[in-house]
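Pasting the structures here.
Two complexes come next, and they have one chain in common, chain A, joined by chain B in the first and chain C in the second.
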Partner chain A sequence: MGAIDQEALARPRQEKWISVVAYGIAVIVVGILPAFLSSYIQGVITRFLIFALFSVGYNVVFGYLGLPSLGHAAYFGAGGYVIAVLKMHYDIDLFWVGAPLGILMATFIAAMFGILALRVSGIYFLLVTFALGQLLYSVAWNVKWLNTPGMQGIAGLSLPSFGTGGWTLDPISFYYLVLVITVICIYLIRKIANSPFGHALIGIREGEGRMRTLGYNTWLYKYFAFVISVIFSGVAGVLFGYYNYVISPTHLGVGTSFLPMCMCIIGGTGTLLGPVIGAALIIFVELFASIMTPERWPLTLGGLFVLTIMFAREGVGVYLAKLWNKMSHPYGSIKS
Partner chain B sequence: MEQFVINMLNGLSYGMVLFLIASGMSIVMGAMNITNLAHGVLYMVGAYVGWTTAVKYGAPFVIGLVAGGLGAGIVGLVIERGFLRHLYKKPNEQVLLTFGFVYILTNLCLWVWGGWPRMPFTAKVLAGSIEIMGKTYPKARLATIIIGFVLAIILWWLQDRTRIGAMVRAGMDNKEMTMGLGINLERVFASVFFVASCIAGVAGVLGAQLLGVYNALGLEILLLALIVIIVGGVGSIQGALLGGLLIGVIDAFGKALFPRLAMFTMYFTMIVVLLLRPSGLLGRKA
Partner chain C sequence: MEALRVEDLSINFGGVKAVNNVSFSVEVGKRLAIIGPNGAGKTTLFNLINGQLSPTAGRILFFDQDVTDLPTHRRAHLGQARAFQLISLLQNLTVLENTLLTLHGTKPHRFKMFRQIRDFKEVFGQAVDELKKVGLWEKRDELVQNLSYGEQRRLEIYLGLCMQPKLLLLDEPSAGSTKEECTDIIGIIKNLESDITVLIVDHDMDMVFGLAERIIVLHYGEIIADGTPEEVQTDQRVREIYMGVEECIDYASDR
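Right, the complex of A and B next:
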């Protein structure tokens, strides 16, 4: 008995040591380092955080519930458009007004679209969410009120103000605002995923019929999961509106919808931090490709998707997690 | 009255193109359970190839049709044999892979054909117009209706009246049993995918007469195909035909009667169908 106890005691210490180092690196990279980098790189890391939040939220529906949505950009963009319309038509850039309204708008649209989209399941869910997303895209494209004269989309946005006279946000404090919001949201999603509700979602993914037999109202669970996931899309969209200064119909369209899906698949579907890794990979590949070959970056991005699917199908994140497991369990007794 | 007929003809010709776009994708989805988001890009490849042969090199229109169909078909076959073959029963991976090809092929087309949009072109044989009830009407659109209708009958005959169609339908219902009967389903699937891509290419050449060709076309066409599939139902020629004609006619009348809302009429149709019959008008019940 003694020997077993010792081993059990030894392992957590080993894990703790490694995780302290890993979290330390993470805190330095996202928490301290950006303050000393050029504002361009700060911008890229802000963009990464926003998309990490977007795809972790998306993963609630895609990974845990197993429904492929290809319309989440509609809700993401709706959040951004609320910010933009408030700025353009009412000259309001107060965070306390814009953020709640943007999130409410995204949630409201999702509450309507969810009823339509959840009438079908499986791959048809993808088709319907895609078409509904393009509906918002064409609204934004055609309604004059939603466009700055002379262009598609709304330009001239600014960083939010907080109603504290005299003090305004600069890019680095906005970066920290995004960082704090992202960390809080990912923590909340972790709570949701680990709650009985989250486990019920996985149950529905694995066998909806059984869950129904067990007395779960599966439709309601799916509906709530969809709306919850969209709330986080709304948060990310609001932050993106402030970050990007321009919001255009493209941000509602399928190209943007596709990003969180890719990030989830590349990072590892149904894991909490996989999408974050996927987001990092895609944003930085996008960055390098657009610097090296601005003309051909879609080619690089498409090539990345194809290569990932053919050779790292489980997701790069899952691969890294296995590596992590190996490192933190040097005795080789992995239970996964 | 004559305005009604003109609108109807506009709707039918547009609807025939929509049918051709959607039918291949619908069959691939129904028979092979493959979601091919690159279908719209195959249409675009076909349209570009057809434009090059028929307009740039001045070949007869029929050769343009064949070249466009074969071009898209070969690209489709490469995608299926090289990549999608390894991803049966993995819908999410298929989506990611085919969307990767949307990026790749769109960019390659930009590379080869450049960024400037091609105007809608008309074949020399089909140039000019004829008189219908006192109004002139372009021959090209009438030819589109006829070609689409002929193709619809051929496809329907292939699906419902031939041995290969029976194999495809059997594979749709029960894959294991079909393979157990000694049918080489892999080869059947590869040919289905090839034919579906060819139809997309032919649709591209026909559609280029109405819509022109430009680089963002791939995704727009994909959206139209999806709406037609949602309205008509997955997996049958009849469903795609009904969905395509319905959306085409509704769109034409929408443009004529309420031009400001014309963009939304097809979405509206889709939403109504989703509420009443989620599996599509002629779709099988799930």
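Right, the complex of A and C next:
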């Protein structure tokens, strides 16, 4: 068994140093470079990380499980709203209180909504999650307690404090906080994707009926996957609340729900790092678009989407990975 | 001992009685074939036994346990395995992934989230053994959709077997296979251990008469004959309904 095992698991040697180099570059770009950039760009990169985390978590449901959810912003926004309400009504900006409560709130809502939404699949799942998301949107819009007087949403948030007297977060240390949390979360999702549980999710996407005959309780898997995915939405939402200083009903609505879906599709659905690439593309293209033609951002996003669907249907991330394979193995030594 | 007992089983789709008052029982280790014209309710009966559908009336006992209301996955844990009429392997996954998913399905650690699937060395080793037995180890990283139809059939049946079932439900194992592949499949089923009960639905008479110790003939959801191949062969109603009145081929006397 030992020899066979190694034969099965062995990877080409070349791939190893390539990945070391790639990781090295990634560490430099996201780990060291931002410290020397302007605080505006730091903010944009923080935003990118938050949405990368959001869409990698979303991908658990959308990519691995194959269920299109159009309501993940509800849980994302719920995390942010918990932060905002704590700050506005109770003047608590302690990270150790806000973050767990925000994540718990998102998980709790998902645990209820999941039961409703998972009664159906396919396009109906999209519609039900969409409706449930809009439900929270209108609650946030109409309940006075959830709005700062004179506006829709809650303003006046701040970066979190850690209960360490005298030292408060500045944007760059908040950036590193987001970076660490994002990396840990993506690592956890990678673990889950490679586990028997993660494989079962892909199996359910490919053929739920067969998975049932094999002995998998597919409903329970879908429910767990949905809740797990939402936990990461909650984490991203909490970070977003701290980052954005303002949280409004739009952050619960379909416009925000659409973003992670779009990032997954553009980056590569069902791959671990595809959504990260999708998030990078969207956030940074948005940055340049807002400098050049701010009012035409939706058009730009639409164009980006159409181009991806036409020329890199499996996603830009997958396309790049294939291109990289071709370049590093010019004689076609690697399959597909 | 009875492996399976079906009592007064009925299911209606609207006004259509797809399965109507069907009762039979199978002893452990028997090979039972269910035949009948198209639309007789054979696959529906399988769906009831395996839990894809729940009956309008009647009971299903599996090793003396009432499984009528159990979902499919629970029945899999009790020892039912099924190969579908249309191949149900996960087409976009590789042969190895399909095998691993099959093996993990009835294991308690199938919910584990933070351990890599390949770290379960024991299961992985078992998958390696199974694939070598089927002769598909070389193609382990091929997508299932790139295998030939016969290979897919064989893989599906072997995967059903490596769940170590007590009851194997084979829905048209011969469909779309060549003569040699059919012989191959007959060989696999004949060599099964004698404590595995096998139910076969098939139109291929070589398969049915080559394997079955007992045959049930369904017609419009009702059992019209039940007996050894010879008995069914000579039954007048079966001749009329199933094989046509005029020309009927004498399979039993061929052997």
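By definition in this document, the second predicted complex is superposed on the first by the 316 of 336 C-alpha atoms of A that agree within 3 Å, B and C clash if a C-alpha of one lies under 4 Å from a C-alpha of the other, contacts with A are read in each partner's own complex, and residues count from 1 in each chain.
In the analysis below, contacts are C-beta pairs under 8 Å (C-beta built on N, C-alpha and C of every residue); 3 or more make two chains touch, one makes a residue touch a chain.
Fair warning: this is a prediction, and the values are worked out from it, not measured in the lab.
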{"item": "First, second, both or neither for A:Y124, with chain B first and chain C second", "value": "first"}
{"item": "Partner chain(s) touched by A:N142 [first = chain B, second = chain C, both, neither]", "value": "first"}
{"item": "First, second, both or neither for A:I265, with chain B first and chain C second", "value": "first"}
{"item": "Touching partner for A:Y216 - first (chain B), second (chain C), both, neither", "value": "second"}
{"item": "Contacts of A:V238 with chain B and chain C, given as first, second, both or neither", "value": "neither"}
{"item": "Partner chain(s) touched by A:G198 [first = chain B, second = chain C, both, neither]", "value": "second"}
{"item": "Per-residue touch tally on chain A - higher for chain B or for chain C", "value": "B"}
{"item": "Which of chain B and chain C A:V254 touches, first, second, both or neither", "value": "first"}
{"item": "Doubly contacted residues of chain A, that is, touched by chain B and again by chain C", "value": "none"}
{"item": "Contact footprint of chain C on chain A as seen in their complex", "value": "1, 4-5, 8-9, 188, 191-192, 194-200, 202-203, 206-207, 209-218, 224"}
{"item": "Interfacial residue positions of chain B with respect to chain A in the complex", "value": "29, 33, 35, 83, 86-87, 90-93, 95-97, 99-104, 106-108, 111, 219, 222-223, 226-227, 229-230, 234, 263-264, 267, 270-271, 274-275, 278-279, 286"}
{"item": "Interfacial residue positions of chain C with respect to chain A in the complex", "value": "50-52, 71-73, 76-77, 80-82, 84, 88-93, 96-97, 100-102, 104-107, 109-118, 120-121, 124-125, 128, 140, 163"}
{"item": "Contacting residues of chain A [partner chain B, same complex]", "value": "62, 68, 70, 116, 119-124, 126-128, 130-132, 134-135, 138-139, 141-142, 253-255, 258, 261-262, 265, 269, 296, 298-299, 301-306, 308-310, 313"}
